[in-house]
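Quick one: the structure is below, and I'll ask about it shortly.
Chain nomenclature is as follows: A, B, C, D, E, F, G and H, assigned in order of appearance, with residue numbering initiated at 1 for each chain independently.
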Amino acid sequence: MASMELIIAGFGGQGILFLGEMLTQAAILEGKHATWMPAYGPEQRGGTATCTVVIAEEPIGSPVVADPDALIVMNRPSMDKFEPRARAGAVLIVNASMVDRPPERADLVVVAVDAAAEARALDKPQVANMVLLGALLAARPVVAMESVARALAGHFPPDRQHLVEINVTALTRGAAAAARQLPGAASARVA
Amino acid sequence: MATALTDRVLMKGNEAIAEAAIRAGVQAYFGYPITPQSEISEYMAAHLPEHGGAFLQAESEVAAINMVYGAAGAGARVMTSTSSPGISLMQEGLSYIVGSELPCVIINVMRGGPGLGNIAPSQADYFQATKSAGHGDGRNLVLAPSTIQEAADLTLLAFDLADRYRNPAMVLTDGITGQMMEPVAFREGPSLPREVPAWATTGAGDGPVRLINSIYLEPEALEAHNQRLQEKYRRMQVEVRSEAYLMDDAVVAVAAYGLTARIARTAVDRARAKGIRAGLLRPITVYPFPTQACADAAGQVAGILTVEMSAGQMVEDVRLAVEGRTPVRFYGRLGGVVPTPPEVLAQIERLLSEVKAR
Amino acid sequence: MLKVVIDVERCKGCELCVHYCPPKVLAMSPALNTRGFYSVVLIDEERCTSCAACAIVCPDMAITVYKAERVAVR
Amino acid sequence: MKQVFTRPASLAETPMHYCPGCTHGVAHRLVAEVLDELGLRGRTIGVASVGCSVFAYNYFNLDFQQAAHGRAPAVATGIKRVLPDRVVFTYQGDGDLAAIGTAEIVHAANRGENITVIFINNAVYGMTGGQMAPTTLPGMRTTTTPYGRDVRVTGYPIHVAEMLATLKGVAYISRVALCGVAHITKAKRAIRKAFQAQLDGKGFSLVEILSTCPVTWGLQPIDAVRWLEANMLPVFPLGEFVTDGQKERA
Amino acid sequence: MATALTDRVLMKGNEAIAEAAIRAGVQAYFGYPITPQSEISEYMAAHLPEHGGAFLQAESEVAAINMVYGAAGAGARVMTSTSSPGISLMQEGLSYIVGSELPCVIINVMRGGPGLGNIAPSQADYFQATKSAGHGDGRNLVLAPSTIQEAADLTLLAFDLADRYRNPAMVLTDGITGQMMEPVAFREGPSLPREVPAWATTGAGDGPVRLINSIYLEPEALEAHNQRLQEKYRRMQVEVRSEAYLMDDAVVAVAAYGLTARIARTAVDRARAKGIRAGLLRPITVYPFPTQACADAAGQVAGILTVEMSAGQMVEDVRLAVEGRTPVRFYGRLGGVVPTPPEVLAQIERLLSEVKAR
Amino acid sequence: MKQVFTRPASLAETPMHYCPGCTHGVAHRLVAEVLDELGLRGRTIGVASVGCSVFAYNYFNLDFQQAAHGRAPAVATGIKRVLPDRVVFTYQGDGDLAAIGTAEIVHAANRGENITVIFINNAVYGMTGGQMAPTTLPGMRTTTTPYGRDVRVTGYPIHVAEMLATLKGVAYISRVALCGVAHITKAKRAIRKAFQAQLDGKGFSLVEILSTCPVTWGLQPIDAVRWLEANMLPVFPLGEFVTDGQKERA
Amino acid sequence: MASMELIIAGFGGQGILFLGEMLTQAAILEGKHATWMPAYGPEQRGGTATCTVVIAEEPIGSPVVADPDALIVMNRPSMDKFEPRARAGAVLIVNASMVDRPPERADLVVVAVDAAAEARALDKPQVANMVLLGALLAARPVVAMESVARALAGHFPPDRQHLVEINVTALTRGAAAAARQLPGAASARVA
Amino acid sequence: MLKVVIDVERCKGCELCVHYCPPKVLAMSPALNTRGFYSVVLIDEERCTSCAACAIVCPDMAITVYKAERVAVR
């Protein structure tokens, strides 16, 4: 599916904006249209952070999304706030390490990943965000994993290119974790 | 000029504006930090000096606009950027700039007001931007980008229009457009260095002295000066720009600019998907305002819905254009709340049923 | 009641108190509070002198300090 | 068990939004303690400025006005002129007071406006994300001096206390720092003297408080305190610049 | 209230405004000198202290409006006065005042612009006064006196309206009305001392604390606040005031306010003397604007001539009211030039012949 | 016969609108003479302010910009930043510079902006008809201090030269007076030093010039000069406050 | 005649505004409507000064007069500027001490008074303005001389009441000088 | 040519030159110029030293000063 209206929400400091940026950049590398829109609370630290990413084949109208068709929720308040807004049939990626309740709605495609655990397994807690992006792309392959890898490569300066690999590993781990929860067709696509 | 989609870079609106200004050959930038536009200053601080331009953080917006005045009067391409409260503080300086006919570019990344308000996006400075440049009868040229690509393009255009008319040109945008990222491809600006205008006070040589000035003590002299300015504003009408989206067969039009216009565009698409023949009328210049385009639409559609992030400002210009020939309704969100496509769609449907009921 | 009571929900884990406690009897706790911050614990009440240095440097008024009342011997 | 450290009554319970380790919170508490000790809670009006301390009104248990960026001294003047028997103070950052608000602070001081100013100098614009302030140190990197503050282009860190000390309307001016217990204690004494000057009707009083901004300085809180000690103290000497201005000049 | 004509005192408009404010119980005045209104400051300096009020010459108009904010927030009746460039400098402060809902009175004795312009009378700050109080969606109440008696009366009214709506009220007048003399009789203001409002930050007692504030960080909260403000502006519509002179049987109407209205009145008299059924529609409040009165006139007359000392500002409000139902023509003089009765008469005749030709 | 006193080339022929005996005219001539002597006419840009000297551009034979009230230092900054090799000066009154323009003058000085400021202190707002200026003397009657300036209400005459002298960006500051031949000659020397500092790239230079305003003071021109000598000199001491600032501080 | 639209013009310092104010005040004392409007040049001294006075039985519309029906011109530039604007039949009072040319128009009622000489004769050069006002009132008795006297009495503070007399004397001298030049009927009214 | 030439039309009659002339050889003239100001005359050229004090204090640049050229005797 070539278009997506995604909201990523959580605490500041969870790498939300970066997750969104890499996804957006990947879409652009694929020649798609894409918008990335942040929204912060007032605090410099410890506030909430939201990021909206829209990807489409056509020029994008609203970068503001009221009813997302994809959601990544990184903490409990975000779950409470955004679950009700999701469009019917939307994908909901839940950061199981921080969200202590199951979703209430039955009309969503839910993937719950313990991103912190996955990242710890890689010995790199910072890449939890990429785990979740991987999970999202498993459920909704709006861009190729490969494009995200290119976006990451383009992001890091020469002296930090070694970080690309660990991020890509996190992506694939997330995708794999998601694949385990998804119906056959989608998981096939991830492989 | 067509650019392959993949040649585009992902950039924040604020940064794209700054980069576009640098490519337009801006020679000096004076500004004071304020959210949600500080990235413009920061980008200029990092990059303008390497292009030989002068970056200076002023002690206030009042100082910034007067530095702009000085540099513009000395013949430089110059700009400042700020957000709503800062624009209020610049009103006196803007009035001097229009009075002295100095070209310069001002970026207003609007935020929620009144007062300190908040840092969320807004369109509530439309009147202030379009109706007068401070006190007196002066006017800004006002350009309202709807995408980041357009923010870059209109910034470049702003410099050219400013020079062409010896008038300040304002890019009127909002916190979301400033903060969001979208791919953008840059065009190069006018040939650099551009010629230093003959009227500029460059302190050069022993020719006749030059003067930058807005005082005309004799009423008759000030009237003549103002008539020249008014005549110039009439000439500016040729710069009017607007976009008509799906207007050809529209029975209902949405009028909106900037961020609101792209939201409305999605709403129009959704309306079309539901079989409603909606169209979008998008002013790109809000001063001069596309009066004719609105008037033409008035003759065609059953009603116009104006959508703004304000309590209803541009809608007055729409009404002035329409002169009662079709109903004009207004939908606005305030204080940093952004209208969503479903809301706008609901308003389109409401307008249609209202019109049919009559 | 402890000599030093830390309001975990106010604490932002800045560690200033830990650093300025003369006998070094405060330490960071590994638990996160609901706002996502690690907070502080008193690890050795015995050696705490109730000097209140921790409270004086705490920017968030997260610390209350008590002192055992002794009958003043004049 | 006796409580030896208590929240002052002039401070509300509301948790503060400041970043971890930011000394704005300490400054708030000191002001509140002084107001408590002088028994001023019921007759004080605070003026919050625009900067990280914009929400100061949420933290003080006092009547408050929130002022436009830089204009707190003018707002305080408006209040004091119509309520001369109330205690009025402003709480301002270095961007607010020493940049955009320069005219207002100079003239409040010169008029001997009988108000107290708490001036938080953290060498940076905290709230807007770390741009250069007039007090930014030479060579210091900020988001608008990405290559370090170049004094040939942007000038020198401004010495507000020293500059205002030249004005005759000033009753009390000092500079203190929020690094460590001893300095914090001294800071409180200075704040107390400043309010006392107002109570005595002597004129304008100001305490410049060197403060940390760990986040925009890019330092852990304790490192920020150390940086303040190592870098700010040499540039901004502590001390009292005017102690009994109006009397001397009377 | 009727005063024998001989009980009136001959006074300059500026002084009458100051005296009226003192009688209205103004408790503090903050201002900065600027021609043509400095007599207001000077009168206050001489007389306000003897009435127990505070007079302070501020260091600038920016400081003055913020002193007004402080004093108003502390519960005092307070005012400032300035002229066009000074009003520009007050835009940020005004936006904070509307945002924080503080009552106060602002006098704008308009002069020629833009920029430094000159000190001659003007009406070119109409947009700035009526369309927005600085950035954001805030509004001033705006009263436009036509005689010195009315300047005094409307100053008094301004204080009352400001209190009633917790909103700044502006008296919008011009250099001639400020400088000319005419007899005036004063009414006494509200009972003194008026009650200190409960919301004021008086630092009194141990009750719940009070806050004067315009920041609402959450967009939803700021929207709710703005909706309250908009609802207040709608309520203000009941304060609309206008005068109809010889409108009953008029076939052509002149719309004008302030000084221009009295000039137009003479022109209307001369038109009547020539047998032309002209009338005058004079807005006394320009915000809220007498939209209904204009709309009613539109249904009656063959055309409306709007006369202003500007390039055409109030005429937009007239057009918005009329919605194309009758032709609206504009005649303006600029830069401090004052239209004369013969000029206006000529325009009335021209409008009539134009209308007949159609 | 040799001409021993000639009109400087930097001055235009236009008769000046100043009141009889107003020393603005003298100050104009001194600036023009210095520009002539330093050979700067073809490369100087003046900035006129709002005050009686608003029409300075008519009298100087130079490129000029007329600046908004108080903002001349910001305007001059804008010019100097884009034309660093030109000579830029402002000509400002005490209302303009010391009241509304306080922030701009303080920051131009603090930045060490390489411009020259001619500051005419006549203790009053001349142009608007004689209102109090920040420099008005204690007890002095003006139209806004009809009972004499009460320092308890309005503060003290502000000492601009001394205040700015505390700032590091300043290269040259002095105060002179236009009373009598000797003082006028000294004033010219000071103006010359100020422009020389700019030519040497040393930073901000300012000459505060005590000047008369016979009309709003209500005095005959010669009595105005005497009044200046008797009343202003004791309050505003003459002298050089900074002579080689940047070098000392470099 | 109960109404008048008068322009008084000359140098600053010739007492033009005061002349206008006393006339306006006199009208008000008689229960009439009246407006007084100044207009100055930019200079604090030595500039031109104009004053417009309108007196009427009805509320006054325009205080601005384009085509005055009465004029007092105090110097040559004012004569040049305002003579052409006078309404046909208007009264033109010329300060002969400062205006060195006769009027060009034939449709005006002209009275030329050497106000300086008259004032010198009273040993009070400052009252030249009252001489001209007297002349005006002789030609156009829009208010009674007596009312001007009352206006003057109301103007001077107690310690300067003695000045009323000399001003009134100047008025009557001006009126007498004018009467000599006017047709019988008008001069009769002055007596 | 007089040692001191006064441009009568520029002179505003402020009398500063009269006051500051050391030998007191300037005086006010009773004639008005076209702008309505009395101007100044040199009443005793003999005693004028061409010192230019008058010109230095004149705010209106109304005065030009000449000096008789003498062949320098070295």
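In this text, a contact is a pair of C-beta atoms (placed from the backbone, for glycine too) under 8 Å apart; a residue touches a chain by one contact, two chains touch by 3 or more.
Fair warning: this is a prediction, and the values are worked out from it, not measured in the lab.
Between chain A and chain G, the least number of touching-chain steps is 3. Fewest steps needed to get from chain A to chain F, stepping only to touching chains, is 2. Ranking all chains by how far their C-alpha centres lie from the centre of chain D, first place goes to G.
A comparison of the B-F and B-D interfaces places the larger number of contacting C-beta pairs at B-F. Separating the centre of chain A from that of chain E, both taken as means of CA atoms, is a distance of 56 Å.
Each chain gets a centre from the mean of its Cα atoms; for chain E and chain F, those two points are 38 Å apart. Chain centres here are Cα averages; for chain C and chain D they lie 27 Å apart. Chain centres here are Cα averages; for chain D and chain H they lie 59 Å apart.
In chain E, the residues touching two or more other chains are 56, 59-60, 62, 85, 92, 96, 100, 115-116, 119, 213-215, 217, 338. Residue positions 42, 46 of chain A each touch two or more of the other chains. Annotation for chain C: residues 12, 37 touch two or more other chains. Looking at the complex, you find that chain E touches chain F at residues 32-35, 38, 41-42, 45-46, 56-57, 59-62, 85, 115-116. Chain H makes touch with chain F in their complex at residues 1, 3, 9-10, 12-16, 19-20, 37, 50, 52-53, 55-61, 63-69.
Within the complex formed with chain B, the residues of chain E that make contact are 62, 84-85, 87-89, 91-92, 94-100, 110, 112-120, 122, 124-125, 127-128, 131-138, 213-227, 229-230, 310-311, 313, 316, 319-320, 323-325, 333-338.
Against chain G, the residues of chain E that register as touching in their complex are 4-6, 8, 10, 119, 147, 176, 179-183, 259, 262-267, 269, 338, 340-343. Of all residues in chain G, only 21, 24-25, 28-29, 31-38, 42, 59-67 touch chain E in the complex they form.
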